[in-house]
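What follows is a pair of complexes built around chain A, which joins chain B in one and chain C in the other.
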Partner chain A sequence: RFLSPEFIPPRGRTDPLKFYIERKDMIQRRKAFNIPEFYVGHILAVTTANPYASEKASRFVGICIQRGGKGLGATFVLRNIIEDQGVEIRYELYNPRIQAIEVLKLEKRLDDNLMYLRDALPEYSTFDVNMKPVSHLDHEEIPVNKLQVRMKPKPWSKRWERPQYNIKGIKFELPEKKMKEAQKWSQPWVEFDMLREYDTSKIEEKIWKEVSEELKK
Partner chain B sequence: AVSFLQVQDCHVLKYVSKEESGDKRPQLVVGGKNASPFSKSESAMEIFKEAGVPRKQKLTTFRVTEDALIKPGTPLYAAHFRPGQFVDVTAKTIGKGFQGVMKRWGFKGQPASHGQTKTHRRPGAISTNKAGKVYRGKKMPGKMGNIYRTSFGLKVWRINTKHDIIYVNGTVPGHTNCLVKVKDSKLPTYKDCNKNPPFPTFFADGDEELPEDLYDEEVFQFTEPSITYA
Partner chain C sequence: SVTGACQAIQKLTRVRVVDNSALGNTPYHRPPKCIHVYNKNGIGKVGDKILLAIKGEKKKALIVGHKMPGPVMTPRFDSNNVVLIEDNGNPVGTRIKTPIPYILRRREGEFSKVLAIARNFV
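What follows is the complex of A and B.
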């Protein structure tokens, strides 16, 4: 019972007709091309059509760091380290040039956004390009990997110790003083702010019914 | 990037002949979105009563050739345009209120430091000594936005006949859900581009039965398999 996050319309003043028609287009594309269910932390292999590559198709393997965008512009970023160079590629889910998306390993992580892997030791982002797909039983139970990642020495690209990022997957080896100082930027009132609430449960149910009915046809 | 435009209950309201308007071509007044009839005076509502149409939120005039005249009261649909045509879109730009000279006209302003006293975003000099006056039309701060602007030569990629939607290339002036005027392009490069448009307009109760979605030839259909080279 998984609804891809790009189906949920963002909060705004756009006409719901636009989202309805985008969803119809997305479902049509999904019928022609299978987009598997995947979360941030899965290891995927994507083959795209490339006119400049030999054999006209290029394959990239990587861990999914983030899933962004709504509607037909939904994207996901895959990260891997090839010959000591970190490479991140942003793919669009509904791009007609993508030929296949295979899930090589199913693994959920503790966070929704694994951008901190850029400042982590390279061993956490290396994945074998010719990895064999790990078999997974179909029903439920996507294992959650509670890995605590070790980081490179500071400076980092973002101050991951600050509470706004809400990261649970890093093993902070910073002194206590720095951790306390980072808590100065915490905003404990944000979770009680009613204007920021966006309850998507009912919207999700409606969209889930619509999407599953269309896909079964 | 594409803009999503919806045709919401457009009706032809009035025919203004050449002599009345003083123009070389007759004009047709078209009304847009439906609105409540209670907040306007009787005299304004006369046009709608004669055409037999509910009150519209926006009225625009189109200069038409004499062979393309339409009877007042006919509804206009998105199928009036076909994919592959080129179109000009006019709308009121987003209003930014009273704005300074840097945002409104793109002036450079002054440096942030090195001795500037209270002068960082000001226009500086407004005229020369010899002129002795400030010329008309001098760029100065003022209300910005909320004026009619047109983007020319936009290609129509897709038309949805069921919901009356036109997908137009590029961006269009105005905020989301604002009222927009769509016209055939006046640019000389696209003069002969409209091959067999529905003339004078598309009639829903006519004999043609169009499919729900009309695409341009170059658009990728979602039912096709993924693109491969070679």
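What follows is the complex of A and C.
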């Protein structure tokens, strides 16, 4: 029972008709081409049509570090390190150039956004290009990898120790003083702010029913 | 590097030379820096030619990857990569190990020799 996050409309005052039309297009594309269920932290292999590649198709293997966008413009970023060079590619889920998405390893991580892998040691982002798909038996559980990643020495691209990022998957080797100083920027009132609340449970159920009915046809 | 994330390549950006030429690989106390971008605006993206200052000499180079996110479906590298080039377009090195984006293939005419020595494509 998984609904892809790009189906859920963002909070705003746009006409729901726009989202309905987009959902129809997304479902049509899904019927033509299977987009598997995947989360941030999965290792995917994407083959895209490329006029400049040999055999017109290029394959890229990487870990999904971020899923963004809503509707037809939904994107995901795959990261891998090839020949000591970190490469990240942002793919659009509904782009007709994508020919196949295979999930090589199903594995959720502790966070929703793995952008800190850019500042982590390269061993945490290297994945074998010719990796065999790891078979996943049960349809219910997706294992959570509670890996604590070790980072390169500071400076980092973002101050990941700050509480706004809420990262649980890093092993901070910073002194206690720095960790306490980072907590100065915490905003504990934000989680109780009622104006920022966006309850998607009912919307999700409606959309889930709609989408699953359409896909069964 | 000492400064923070560097966007597309412009004057005074520190660059990483990626081929196996002698100029690019011998250590020097100053990193190779861009001094001019051959573009109408001073911003260099993938496939633009720039002038580098390496080891006290001026050398032209071709940008093969930068840290700035580009169009969707194109790769974004973790370092600003550059391949040393002569004035007529011949590469100085003989092999390029790091991956090169497929976008460069569009301008096969100008960069055919660089693409010939490249080994991996992304």
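FYI, the second predicted complex is superposed on the first by the 216 of 217 C-alpha atoms of A that agree within 3 Å, B and C clash if a C-alpha of one lies under 4 Å from a C-alpha of the other, contacts with A are read in each partner's own complex, and residues count from 1 in each chain.
As a working rule, contacts are C-beta pairs under 8 Å (C-beta built on N, C-alpha and C of every residue); 3 or more make two chains touch, one makes a residue touch a chain.
Because the structure is predicted, anything quoted here is derived from the model rather than measured.
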Chain A as common anchor, with chain B and chain C clashing or fitting: fit
Which of chain B and chain C A:157 touches, first, second, both or neither: second
Touched partner set for A:97, first chain B, second chain C, both or neither: both
Touching partner for A:88 - first (chain B), second (chain C), both, neither: second
Which superposed partner A:49 touches (first chain B, second chain C, both, neither): first
Which superposed partner A:60 touches (first chain B, second chain C, both, neither): second
C-alpha centroid angle, chain C to chain B via chain A, nearest 10°: 80
Lowest inter-chain C-alpha distance for chain C and chain B in the superposed arrangement, angstrom: 14
Overlap of chain C and chain B interfaces on chain A (superposed complexes): 50, 97
Contacting residues of chain B [partner chain A, same complex]: 4, 6, 160, 163, 165, 176-177, 220, 222-230
Complex contacts: residues of chain A adjacent to chain B: 12-15, 17-18, 21, 25, 28-29, 31-33, 49-51, 56-57, 96-99
Contacting residues of chain A [partner chain C, same complex]: 48, 50, 52-53, 58, 60, 75, 82-92, 95, 97, 118, 155, 157
Residues of chain C touching chain A in the complex: 4-5, 65, 69, 72-79, 81, 97-99, 102-103, 105-106, 120-122
